[in-house]
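Letters A, B, C, D and E mark the chains in the order given here, with residues in each chain numbered from 1 onward.
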Amino acid sequence: MTTPQTPAAAQPLLVADGLRKTYHLPGKDTLVAANDVSFTLPTGGSIGIVGESGSGKTTVARMLVGLVRPDAGTVRVDGRDRTAGRRRGRGERLARAREIQMVFQDPYLSLDPRLTARQCLATSLSLHDAAGAQGRIEELLDRVGLGSREAAARPHEMSGGQQQRLAIARALAVNPRVLVLDEAVAALDVSIQSQILRLLVDIRQDTGLALVFISHDLAVVQHVTDETVVMRRGTVVEQGPTERLLTAPENAYTRALLAAVPRRGWDPAAAVRDRGAAPAGGRRSGKAQED
Amino acid sequence: MLLDIDGLTVQLPGAARPLLADVSLRVAAGEVVGLVGESGSGKSTTAKAVLRVLPDDAAAHGRVTVAGADVLTMTGSALREHRARRVAMIHQNPRSALNPVHRVGDFLVERLLRTGDHDRRTARDRAVELLDRVGLNDPARRLRQYPHEMSGGMLQRVVIAGALAADPDLILADESTSALDVTTQAEILALLRDLGRRRETGMLFITHDLHLAAAYCDRVYVMYAGRIVEHRTGHSLFDHARHPYTRGLLDCSPELGISRPLRPIPGRPPSLADRADGCPFAARCPEAEPACETWTPRATELPDGGEAACRRLPEAAAATAGATARNNP
Amino acid sequence: SGADTGPAGGTARDVTQLELTPTTAAAAGAVDSVDWLLEDEPDSLDLDTQGGSAGRTVLTNVCERLYQLQPDMTVRPWLVDKATRPDPKTLVLTVRDGVTFHDGSAMTVDDVLFSLRRHADPDMSEADEFENVTSMKKTGAHEITVRFKEPDALFTKALAGDAGLVYQQKRVQEQGKDFGTPGQADACSGPYRLASWKSGDSVTLERYDGYWGDKPLTRKVVFRWAEDSAMVNALRTGAADGAYTDSVGTAAALDGKKGIDLHFGPSTATLDLIPTERGGLADPDIRKALSLSLDRAGIAKSGYGGLAQPWATPVGSGAWGYAKSVFTAAQKELTGAPASPTPADIARAKKLVQNAEHKPDGPIVIGTDSTQGRLVIANGVRAALQQIGLKAQIKTVPSAEYGEFYGDKSARADIDVLVADWYISKSDPVGFYDNGVSDDSNNWVGFHSTAYDAKVEQAKRTLDDAERAELVVDIQRRFTDAAVWIPVAQTPTALALSDKLTGPPASMAYLYHPWAASLGAKKG
Amino acid sequence: MIVRIGRRLAGLLATLLASSFVIFAAIYAAPGDPAVFLAGGRDTLTPERLAAVREQYHLDEPLVVQYGRWLWDCLHLDLGRSFQYGDEVADLLAARFPTTLELVAYATVLFVVLGVSAGALAALNRGRWIDSAVVGATTLAASVPSFVGGIALVALFGVQLGWFPVTGSGEGLVGTLHHLTLPAVAMALGALAVVSRVTRQAVVDADGADHVAVARSSGLPEREIVRRHVLRNALGPIVTMCGLVTAGMLAGTVAIETVFGLSGIGSLLVGAINSHDFPVAQAVLLLMVTCYVVVTTLVDLAHPLLDPRLKSARSAA
Amino acid sequence: MTAVPADAPAPAPTVRRVRRPVAALVATGFLALVVLAAVFAPLLAPYAPDAVDLSSSLVGTGGEHLLGTDASGQDLLSRVLYGARTSLVAPVLLLALAAVIGVSLGTLAAWRGGWIDTFVSRLTDVMYAFPGLLFVVLIIAVFGTGVTTSVLGLGLAFAPTIAKYTRSVALAERAKPYIDAYRVQGMGGARICVRHLVPNLARSIAGYLVVLFGEALMSLATLSYLGFGTQPPSSDWGLMVQEGQSAIVQGALLPALVPGTAIAAVVVAFNVAGVHLADRLGTRR
C-alpha cells in the first residue's frame, strides 16, 4: 500500500519508552505481559505490532491509551507525558483523549448497545465540545460510509462491518492525532475487512492521522504500516521498516512467522520444519502452564 | 466416491432464501477438499448435513452419501454408528469442543469405548498412542490434564486425536485452524495432511481464508449465499479464478509480499431474510447485467475440469487472461 | 368455596349460658400412662425463679404446698396439720407428720422453714407475699411461728400458692444453680415424682409409691408441648389425651369434636380495658360511657368463640373462694357494664360524653397486640367509641413487647387504653382490689379515693370471711363506679380431655392442685 | 489451594465477627426490656426492682462492654445461662439442635432429589408440556408460605387421612422419619421452586455448550451425553444453590417447628426473643449464622472440585 | 486470537417463530385488574373496610358478605379491595428505595473494586446469614413502628441483595469494551457509571426487581403480622392474613384464605409476568 511517507526525521508524535506490565496471577505466579517495549511514531506515520496470541499486543495498546497503567516506562505524545497512573483532572483526561483514540477488536461489544449510531457520536462529541455537533455527526457518518438508515440503528441492527465503521467514526469524532487499532479487522470477513482497511487508508490520506495497527496477520499489517514491531512473550524481538522486515527478517522468530503464512506454493510441513521457535505465550514465573 | 453431496437444498421455514441451495460436492478417499466462503455462506451447514445435524425444523432435499450410505435417511443406531465411526468432525474452537470438567484422557477414552473395540485398559493405552501420534510429548501425563491447562494448539491436537480414535473414513475440519496462531496453524495442517495421506482418509477442509484453501487443498469449492459458485483445483485458483466472486475475494485479500491496492467488494453478503431469485452475487458483482438478477445459477464445466456458476462465463473466460496478468507481480 | 369454610356464627356457644363446673366426674379405673399437652415447655421447675403456667401445671403434681387450693377454689391446710392464730398478728403452723420426700427421707420442719425463707428472699418471685411478715421461726419439733406487722387475711391463701411450696433442703442446696433444670431430680413430696425431663422433648412423671396420701389412679404422665394448631391436631388425632388450654382459639377449635370432652371451670382471669396515664380516658364519665356502650356479648362471641362471659368486675368468679352467694348477688347489682348495650345505655353514654368535663382532644389510642381476641376487643372498643361520638385509633405491638406495658410507664406513653387480660393467683378478690389504691403502681389512670384506700386496707386485715366479703362488695362497687378499669369478660379455664378419661379439676385450681392424682379412666 | 482455604477461613471469621456484633446489637435493640421479664410477675414490677435486676445482669452497661463480655465468654465456650430456663444455654442447644438438623437434612434430601430431577426433566424437555408443568407447579409452590403449606399438609395427611403423626419428632430412625416427613415436605416445597428453576437454567446452559453439540455429533449415546456432559457440567450452580437453600433452612425452621409442634432451635429462638432471653437468643442466632457461613464456605470450597478451571482461576469475590 | 469471521447480521426475526406468551398476558391482565380494583375500591366495595359488626363475625361466603367476614365482622371483600392500595404501593416504594441504594452500592463495588468491593461483599454475606427479618426488627427498634419504618427497614434489608446482583452484572458489563471506549474518550468514571453503565444494566435489574416484588410483598406482610408494619384497622393484606390466621384453627379459613390468595395470586402473576419480561429484555442483547 502506498501511503504518504512522512520523513522519518520528523519530530516523533508518539513515544513509548520502556513500557512494562506484570500481571499477578492467582497463587504466587506472575506474568510479564510486556517488558521494556519502546518505539516511536512520527506524525502521520503508521506502525504495526504483530505477534502471536498472548504476546502482549493488547497490553501495549491499552497502555498507550491509558486503560492500563504501566509498571514502568512512559507514553509521551508530542513530548507531553500521557502515561496512565496518578489521578488526573478532567481537563488532562480529555486532552489525552483528543490526542489518542482506540478501536477495539469486537465491534459489537465496543459499542453501547443502547445508543443509535447518531446518539453514539453525539455522546462523544458532547464530551469534548457541544457546539456544531449536528453537522459534525453527518460529516462523520458520511466519512465512514454509513447511510441514514444505519444512523438511526442500534448496534444489534447493524452488520459487523457497519459496527466497526461506527467505532471508527466515534474515534475520529474528537480529531485525534493517533489512532490505535487492536485487531480491528480480525473479526470481519475479508470482503468487509478490505472495505475497512480501505477506509483507514483514505482517512490517513485525508487527515494525516497516525496509526498504531495491531494485528496477527502479517499480510494485513504490510498493507497498512510503514514500520513494524514484532512481539513475542511480551518483548520486542524485531523492529524496523515493514518492507525490510518482510523481505529480510533478521530474527528467527520473525522468519518462522513469515514462513507460516499460507500463499501460493506454500507447504505447511516445510513451514514447520523452518520454525525454530518455541511456543507462544507471555513469560511466566512460577509453575509453567505450557511446556 | 467417499463423500458425495448431490443437489442438497436445505430450507428453513420463514427464511427468504434456502440455507443451502443445490449444493453438490465430492470428496474422494485420501483427498483434501477445501470449502471456502464468507461467514454465513453455509459452509458449516454443509458439514453438518454430512453428520445429519440440521436444525429441527429444516427441510432437506437432495442426496448425501458417505461411502455409499445415504445419510439423510439414516435414523437411530445407524446414525449414531455413522457419526461415531465413519465421519469425524474437528471444530473451530478446540477449547469449547472439550468438556472443561473432564480430563483430556476421559475425552479420548469416551470416544474409544464408543467404537466397541476396547475395554477401559486398552482404551487408555490406545489414547496414549493417539496423543503420541498427534505429536504431543509426554502423552501419559497429558491424559491427566484438564483442557484449561493446555494451550489452544495442544488442544486442537487432542481434538484431532479424538477424531482419529474412531478411525473414520472422512474428516470434516470446520475452521479447525482458524483460532490458532499462524505458526501453530501450520503445524496442525501439516499433521492433518500427514495423517490423511497415511490412512487414506478423505478430508473436507472448511475455511474462510481463500489463500489458505488454495495453497493447502487438492480441490476447492467456493461458496456464496448457500451456493457453490466455483469449484477448482487448488493451484488453479490463484491465477485462474473464473467466478467474479472468487476474483473479488482474491482482489480484496491482502497477500504477503505482494504490494497491490486492495479492491473491496462493495456491499455485503445477503442474509437469510434477503430474497435472492437470480444470481445471489448479482447485487455486488461489477460485471452483472440486468439478466443476472433473474438467472438461476447453474454450474458450467470449465476446460480444466473445474466448474463455475456464472451466467457470463464465456465472456468471463475471455477476461481471465487480463486477470492473470494483473495477479502476477 | 362454600359455606363450610366459614364456620361459625351459628355454632358459637351462647355466652350468657356458659356453664362453669369446678371439677369433672370422679374417675373409676386405673390408667397406665397418659399423654398430656402443655402450651409450651416449662421454663424451669424452680417456681421461685421462673413461674410459668406450664411449669406450674407439671410441678403441682410433684410438689406439695402447706395449704392446698381445692377445685372449687377454696383453700384448706395440706402439709400443715393444724394452724392456729394465738393473736391476729401471729400464725402458728403445725407441720404434718409422716410425709416423705421422693428419696424416701422424711419431711422435717427445717425443710419447711428453709422453703419459706427461700420464697421470702427478695430475689424470688414470691417475695411480695412476705412483705407483711416480720419473722418466721421454728418453735417446736413440728411447729413454725409466723409473725406479721398487721393482721393478714391473705397469707394462708398465699401458702396455697407458690409461697407455700415445700422443698427438701438438702437436695435444693446440693443442686445449687441447676435446681429446677432438665436432668435434675425433684426435691418434693407429692403424689408423683419427676422421672425425667428431656430438654426440648418431654417431661415424664411417675407415681410415687411412698406417697402419704391417696394413691393416684394413673401410673405415668408424659408431658409434651405444642401451640395452637399443633395442639388441636394432637388432641383430635388422639396423639395426646388432654390439656388445659390457655388459648381460647384452641378450645374453640376442639368444641364439639369427636372423642374429646371440653370442660369449663371458674378462673380469676378477666379481660379488661386499663386506662393509662396518657389521659384520653382521664375523665371517669368518658370511661363510664365507654363501659356502657361496649358490646361485651359480641366480643365474647366473636373474639372468643363464645368461651368468654361478659363480666362486670375485673375479677373472675374463680376468686370467690368464700361467700360465693354474696359475690354472685353483688355482681348482679352492677349496671355500669351491660352484656349488650340497650338503646337506653347508649343514650346514657352519649349524655355522659356530652357533659364530660375533659373531652379527649385527639383520637383515643387503643393498645393491643394482634392476637384474635384482643384485636376483636380493640375493634369493639373502636366501634363503641365511634358510636358515642369519639374518635379512636388502634396501635398494635408485638406480643413480646406487650408485657412491658405493665411494668414500664414509658412503654405505654402513647396509648390511652390497654386491652389486657389479668388474673390473680389467690382465690380472694381482695388480692385484686389493691390495684386501685391511690399509690399503687397498677393504678395508671390515677384514681384517688381515701375512702377506697381505707376500705382495702381494712379488708386485708379482716380475717373473718363473711365480714371481708361485705367489705369486698363495697370496694367492688366503688371501683366499678369510677370505672378505674373497664371489665369486659371473664375467661374460664378450659380442659380438653379424651372422652375415656375423667377426674381432674376444671377450674383454675389445676395450677395449684395435684390434678393428675385424680385423673383416671371413666370405667373401672 | 491452601492459600485459598486460608483466605476463605479468614473471610469466614470476619463474617462471623461482624455477624456476632450485629446479632448482639440487634437483640440489644430489639423491643422489650429483658429486665421486665427477669423481674418476674407483673405485680412485682417496680422501678427499683427493675434497676436492681438490670444491675445484677449487667444490663445497665454500655452495649460495647456487654458485647465484649459476651464475646469473651463465647470464645471460652461459655454461652451463659438462660434467663428464662435457668439452664446452661449449651445444654438447651444440645437438646434441640439435633431435631432441627434432622429436619433440615430430611428436607434437603427431599428438595435435592425432587427439585433437581424436576428441573433437569424440564430442561431436557424444554418447550414441551413437562417443562410447563414443572415451571408452573414450582412457581405456585413458591408463592405459598411454608406455614400455610404446613397447615394444609397436616389437615390432609395428619388429621383427615391420619397417615402421619401431627406433633413431636419421634424416636429411632423409623419414628423420626415418620414424624418428620410432613414438616420436611412442607419445608422442601418452598425450596423446590428455586432449586428446580436453577437446575433447569443450569442444565439448559450446559446443554447449550459447544462441547455437548460436539459430543452429539460424534455419535455418543444420548443417555451418556446427558449424564456425563450435561448434568455433570450443570452441577456447579446446582450445588451452590442447594447449599445456599440448606443454609437458609437452618435459620428458617421457625414457622414449621411451630406448626408441627417440634422443639428445635427455631422455636427456641422465637421463645427466647419473645421473652428477651438474651443469652439463648444470641447463642441460637450465632449458631444459625455459623451454620450458614460454614455451609456456604464448604460449598464455596467444594466448587473447584466440580469445576477444575476454578482451581486456578481468580476468585470472583 | 486469529480471525473469527462473525459478520453475520443478526438473524432475521422471521426465522424465529414467535410463541404467544399466553400465561404472561393473562398475568399482566390480572395485575391490571388488581390495580383498577385498588383505584376504584370506594366504588366497588360493598362496605367500609373498617366497619365492625360483632354480630356477624366469621360469617362464611354468602349474599350479604360475598367473601365472608373476619372475627370482628368486617367484610373481607371490602377489606381486600381497599387493602390492595397499601399492599401494592408499599412494595413498590420499598423496592425503589432498595434499588437506589443497592444499585449504587453494587455499581460502586464493581467499578472501584478494592476495599469497597470487599466491604460490599462482606456486608451482603452478613445480611444473607441473618435469619428472617431480624435486621428490620433492629431498624424498627431504633426508629419506631409504622409503615414508613418498615418500608425503610425492608428497603435497607433488600438493598444488599440487589447490590450483590448489580455487582455481578456490572462486573460483566464493565468488562465489555464499550466501557473502555468511553474511558478512552476521556469520560469520567462517575459519568460512565451513571449515564451508560447503569442504564445498560437497567433491563436485567428491572427483571430482577419484578421477581423480588413478590418477596417484598410477603416480607411487608410478615412485618405487619409482627405488628411492626401497618396498624389495624388498616386492610393491608399481610395484616389481614395474620389477623385471620388465628381463626384457621377454629375452622374459619376465609379470613386468612382471602387475603392470602390475593397475595399469592399477585405474587404468581408478578413472577409469571416478570420472568417473561426478564426473558424478553434479555433476548434483545
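Keep this in mind: a contact is a pair of C-beta atoms (placed from the backbone, for glycine too) under 8 Å apart; a residue touches a chain by one contact, two chains touch by 3 or more.
Note that the structure is a prediction, hence the values are computed from the model and not measured.
Path length between subunit A and subunit C in the touching-chain graph (shortest route): 2. In summary, the chains found to touch both subunit C and subunit D are E. Identification of common neighbours of subunit C and subunit E yields D. Taking the CA centroid of subunit A as reference, the farthest chain centroid is that of C. If you average the Cα atoms of subunit B and of subunit E, the two centres end up 52 Å apart. Chain centres here are Cα averages; for subunit D and subunit E they lie 23 Å apart. Inter-chain centre distance (subunit B to subunit D, centres taken as mean C-alpha positions): 54 Å. Multi-chain contact residues of subunit E (touching two or more other chains): 1-9, 248. For subunit C, the set of residues that touch two or more other chains comprises 229, 397-399, 401.
Looking at subunit B, one finds that residues 38-39, 149, 181-182, 185, 208-209, 268-269 touch two or more other chains. Remark: subunit C residues 40-41, 43-44, 46, 49-51, 125, 127-128, 177-178, 180-183, 198-201, 224-227, 229-231, 233-234, 236-237, 239-240, 397-401, 403-404, 406-408, 411, 435, 441-442 touch subunit D in the complex.
Note for the complex: subunit B touches subunit D at residues 48, 51, 53, 79-85, 88-89, 91, 93, 96-102, 110-111, 114, 146, 148-149, 162, 166. On the subunit A side of its complex with subunit E, the touching residues are 53, 62, 65-67, 90, 93-98, 100-102, 104-106, 109-114, 124, 127-128, 156-161, 167, 170, 174, 183, 186-189, 192, 216-217.
Subunit E contributes residues 23, 121-122, 125-126, 128-132, 134-135, 137-138, 140-142, 168, 171, 214, 218, 248, 256, 260, 263-264, 267-268, 271-272 to its touches with subunit D in the complex. Residues of subunit D touching subunit E in their complex: 11, 14-15, 18-19, 22-23, 25-26, 29-31, 136, 139-140, 142-145, 148, 151, 251-252, 254, 269, 285, 288-289, 292-293, 296, 316-317.
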